[in-house]
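These notes open a run of structures that come right after.
One chain, chain A, appears in both complexes that follow, with chain B as partner in the first and chain C in the second.
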Partner chain A sequence: MEFSYEIKDSYAEVKANGRLNMVSAPKLREFVTDVIAGGSSRIVVNLENTAFMDSSGLGALIGCLKAARQAGGDLRIAAVQPQVKMVLELTSMDRVLTSYASAEEAFSHD
Partner chain B sequence: MTRFWTRLIVVLTAILGLNYVSWRWTASLNWDAWWISVPLVLAETYSLIDVMLFGMTVWKLKLRKGAPEAPHDATVDVFITTYNEPLDMVLATARAAQRIRHPHSTWILDDGARPELKTLAEQHGLGYVTRGEDWTDRPRHAKAGNLNNALMVTHGEFLLILDADQVPEPDILEKTVGYFNNRRVALVQTPQYFNNVPADDPLGSQAPLFYGPIQQGKDGWNAAFFCGSNAILRREALMQLGLVGYVKETEKSIRRALAASRSAIRHARKSADRESPLIARVLDEVEAATLEAQRQMDDGGPLGEITYRVRRRVDQAVQALVMADVSALQADLEEIAAMELAHVGEAGVPVVADDAVKRMSARDWSPLGALESVQAVLDALSVERNDEAQPVMPLATISVTEDMATAMRMHAMGWESVYHHEILAYGLAPEDLKTMLTQRLRWAQGTIQVMLRENPLVQRGLKLGQRLMYFATMWTYLSGYAAVIYFAAPIIYLLLGILPVASLSTDFFIRFVPFMIVNQLLFAVAGRGISTWRGQQYSLALFPTWIKACSTAARNVWFGRPLGFAVTPKARQSGGPSWSLIRPQIVVAVLLAAAAVVGLVRLAAGLAEPLGTLINVAWVIFDLAVMSVLLRAVRYKGFESVVESKPQERKSGGV
Partner chain C sequence: MTDVLARRSFRGLATSEAIELVHDELDGLWQDAPIVQDIDQMTFTTAVIEAASNIVQHAEPATALPVELGVEISVHAALLQARVSAFHAKPPFGPMEPVSADDDSESGRGLALIQALVTTVTFERQDATNTWVLSRTPSASAP
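On to the complex of A and B.
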């Protein structure tokens, strides 16, 4: 699993490439926490290259959402792949996290 | 009477052979030229062992009087195996199979899954079987897989196996099924005979020595083996073989998985985040489960129960892990809701349902999947044999010649076999050198695979005689290396004057000549008038094929490399003579001829011994005579039948 981020106009885009699973989930949490600590609390997690997510990955994503909200911002997800979409629907987390088609769209209305 | 003479000559061959070869080892080696003298004496030792194994085979030559009457209610399935043979050929064989008199059902086993063939089968009231979905993306195991697949959808007590080109006689079952009245008999093999072969048999297709004294001799040792076609097998024996194999394979794979589990868990602990208590806890649980399984294995516990317990224990741990993830997530959501209710939605905080937890814990989405090596261990701790299309594989799949491997396993389990020496099916042999070479290569590769994977000398359950009978067949396929030395030795002498023997004295001749004479006499008497010359020629002349078979099979067995396996085409390959197929032999023949000329020139110039030169030139002439068969083979244009090719009278030996 590889993480990277890029500061855009109104948000920070975090890319998670690979499988977001038990091993990589804590790293995502740590990574996003660092980005928030760096001053960006509006986060888009771009899941374009995340082919797989398990319950730990899902937990990490919600943990990151919480951290972003605590910092006064928000966390959104974009470009969800089929398996991840299934996991979100199955756990009804799609009601909490709306998936945007692309990272640019996520904060385009606010 | 013949039996007495055969045995007498076998004894003489053994005595004279041991006398000669032991003298060669102890008193005749030219150590100054050890690089040729040692290989030569090794080659001679190889040949002595070969002829002694042959002698042992014919020692117990069994001439059967024919089978007792077949019980009319014995049910038989006739299997015609095909992959890409012409449809009219398959249909002709199948129609002939329908005309077999003993009650039976006829099945076409089409590994090519050709819809046209299916239609034809339906039109003629023939059974038609292809592989099911289970075989997709799993090892197909060629013909063995085809037969194993068909065994699961048919139910005859006995199975007659026919290659697509082997047209059976109507009485093939009446003549053979009666042997199964003996409850221990699992296999009756009949000869393979080919209609499309001219009298001089340029490609050495007929194997009169093998489908004759050799199989009859093996029969005497209860070691006649299955040759893939024209044989009847007892289903019960095959299924027993499949079940025993299944249990053995499953136990082996579980033991292997348990052995690998310790290091997999250790690696997972190291590579996974050490801070994560969740991973550590799951790994502890997996370790405890595997240790318990190991203990139960050592106590001889049932495999099904052991693997089920591991799975349940690990599943529970995984479910606990997912639950922990979910409750952490739930706690986070509640905190978020407390901060900013509106964002979470009107329905309040979503709650993850129980069946969602179950789904997230299933094998494909389990967090444990992150630890691939651990997951691989757990997957292997199963009794389903997920890596194969069907758990029970009655025909052995360890070799491309599944027939011999299967027969050997049957013998090891105490079953008996019969060789019925009467032609009851007529087939088609390859009609060009290329196809023939492909076929020989495949047989040799398969035999060497069996030797390396399940060496008969150390197989439990086989009697000593049976071990040696299987080993004898394998041993003959090592002849390529000996042939190279037999070609090299005269070339080296004639060109360089280096003699691998200390001296060509009377000592040499009085030991060598009698041995050679009884050796040839043995083949003449044991063969009872059969011409064995063609066979002798090919066993030397195809040395590149035998060597290639040994090296590719060894690479396959030891390093898992593919064999480059090809199905033998039954239709003739077109094109002119392909000299490139026998390039190594042409090179050797040219070297031999050139060496003879040089040797004679050296003799004329007084540089060489007359006796040594003469013997080596004679040796060269013998080698060239051996290889001359290839000249005919490469120019052979295929079979042209003058009259109806089926012999008026059946060739029949002892029966």
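On to the complex of A and C.
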């Protein structure tokens, strides 16, 4: 899995491309932690190119959400694909990880 | 049991790299068996990867031999089945039943997820091998 980020006007967009599994989950945590440490605590994780996520990947997103909130911000997810949506719904974590159609929409009403 | 329409298998050291290889085998399996609907491919892939990851993360060697991960997946007209094994492993410790994870938990959802994704999950132990057998009735053939 590959990660990249881009600083936008009011948030940082993190793109995660590939499978978010037990291999890549720790790398996502580390990547987002570095983005937060760089001064961006409002994070959108763009999952447009994340075709697969398991419970390890879900755990990483929850860890990143907690880190963002501890830094005074928030983490939201965007462009969720069907398998990821299924995992979020089956674990009821769609209540916790707010999903938006696009990264632009995630913080547009704040 | 009905004829096997497609079959894939993997055996190797229970390491992180094995998870990617098992996932590649699953992707290949679905190409060999396009009859399986997307929803069944998605759910069964997720269940198999969860079970294999559980072995990589938690299985402990029973002897000096390292734990190996084995995955055998078969597609039948009315059944998807996977045998996910930990070879040279101690019996699993801890709960075999799903625990409820709170919203802040970063782990502990794997077993519940597997149970939600497949029709049956059974566990076998023989000769220092732990095997989880995952079965799913494909959507088209469900009653």
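Rule of thumb we're sticking to: the second predicted complex is superposed on the first by the 110 of 110 C-alpha atoms of A that agree within 3 Å, B and C clash if a C-alpha of one lies under 4 Å from a C-alpha of the other, contacts with A are read in each partner's own complex, and residues count from 1 in each chain.
Simple rule for what comes next: contacts are C-beta pairs under 8 Å (C-beta built on N, C-alpha and C of every residue); 3 or more make two chains touch, one makes a residue touch a chain.
On a predicted model such as this, the values are computed, not experimentally measured, just so you know.
Enquirer: Please tell me, clash or fit, for chain B and chain C sharing chain A in the overlay.
Expert: clash
Enquirer: If we overlay the two complexes on their shared chain A, which of chain B and chain C does A:M93 touch? Say first, second, both or neither.
Expert: A:M93: touches chain B and chain C.
Enquirer: Just to be sure I read the superposition right, which of the two partners does A:K27 touch: chain B = first, chain C = second, or both, or neither?
Expert: first
Enquirer: Using the touch definition from the top, say if A:P82 reaches chain B (first), chain C (second), both or neither.
Expert: A:P82 sits against chain C, while chain B stays out of touch.
Enquirer: In the superposed arrangement, does A:R69 touch chain B (first), chain C (second), both or neither?
Expert: First partner only.
Enquirer: Have a look at 205-213, 259-267 or 439-447 and say which bit of chain B overlaps chain C after the superposition.
Expert: The superposed arrangement places chain B into chain C at 259-267.
Enquirer: Pick out the shared contact residues on chain A: the ones touching chain B in one complex and chain C in the other.
Expert: 19, 21-23, 52, 54-56, 58-59, 62-63, 66, 83, 87, 90-91, 93, 95-96.
Enquirer: In their shared complex, at which residues does chain A touch chain C?
Expert: These residues of chain A touch chain C: 19, 21-23, 52, 54-56, 58-60, 62-63, 66, 82-83, 86-87, 90-91, 93, 95-96.
Enquirer: Would you pull the chain C residues touching chain A in the complex into a rising list?
Expert: Residue positions touching the partner: 16-17, 19-20, 23, 38, 42-43, 45-46, 49-50, 53, 56-57, 101, 103-107, 109-110, 112-113, 116-117.
Enquirer: Spell out the residues on chain B that touch chain A in their complex, using ranges where they run on.
Expert: The contact residues of chain B facing chain A are 271-273, 275-276, 278-279, 282, 321-322, 325-326, 328-329, 332-333, 335-336, 339-340, 343-345, 347, 350-353, 356-357, 359-361, 365-371.
Enquirer: Which positions of chain A touch chain B when the two form their complex?
Expert: Touch residues, chain A against chain B: 19, 21-24, 26-27, 52, 54-56, 58-59, 62-63, 65-66, 69-70, 74, 83, 87, 90-93, 95-96.
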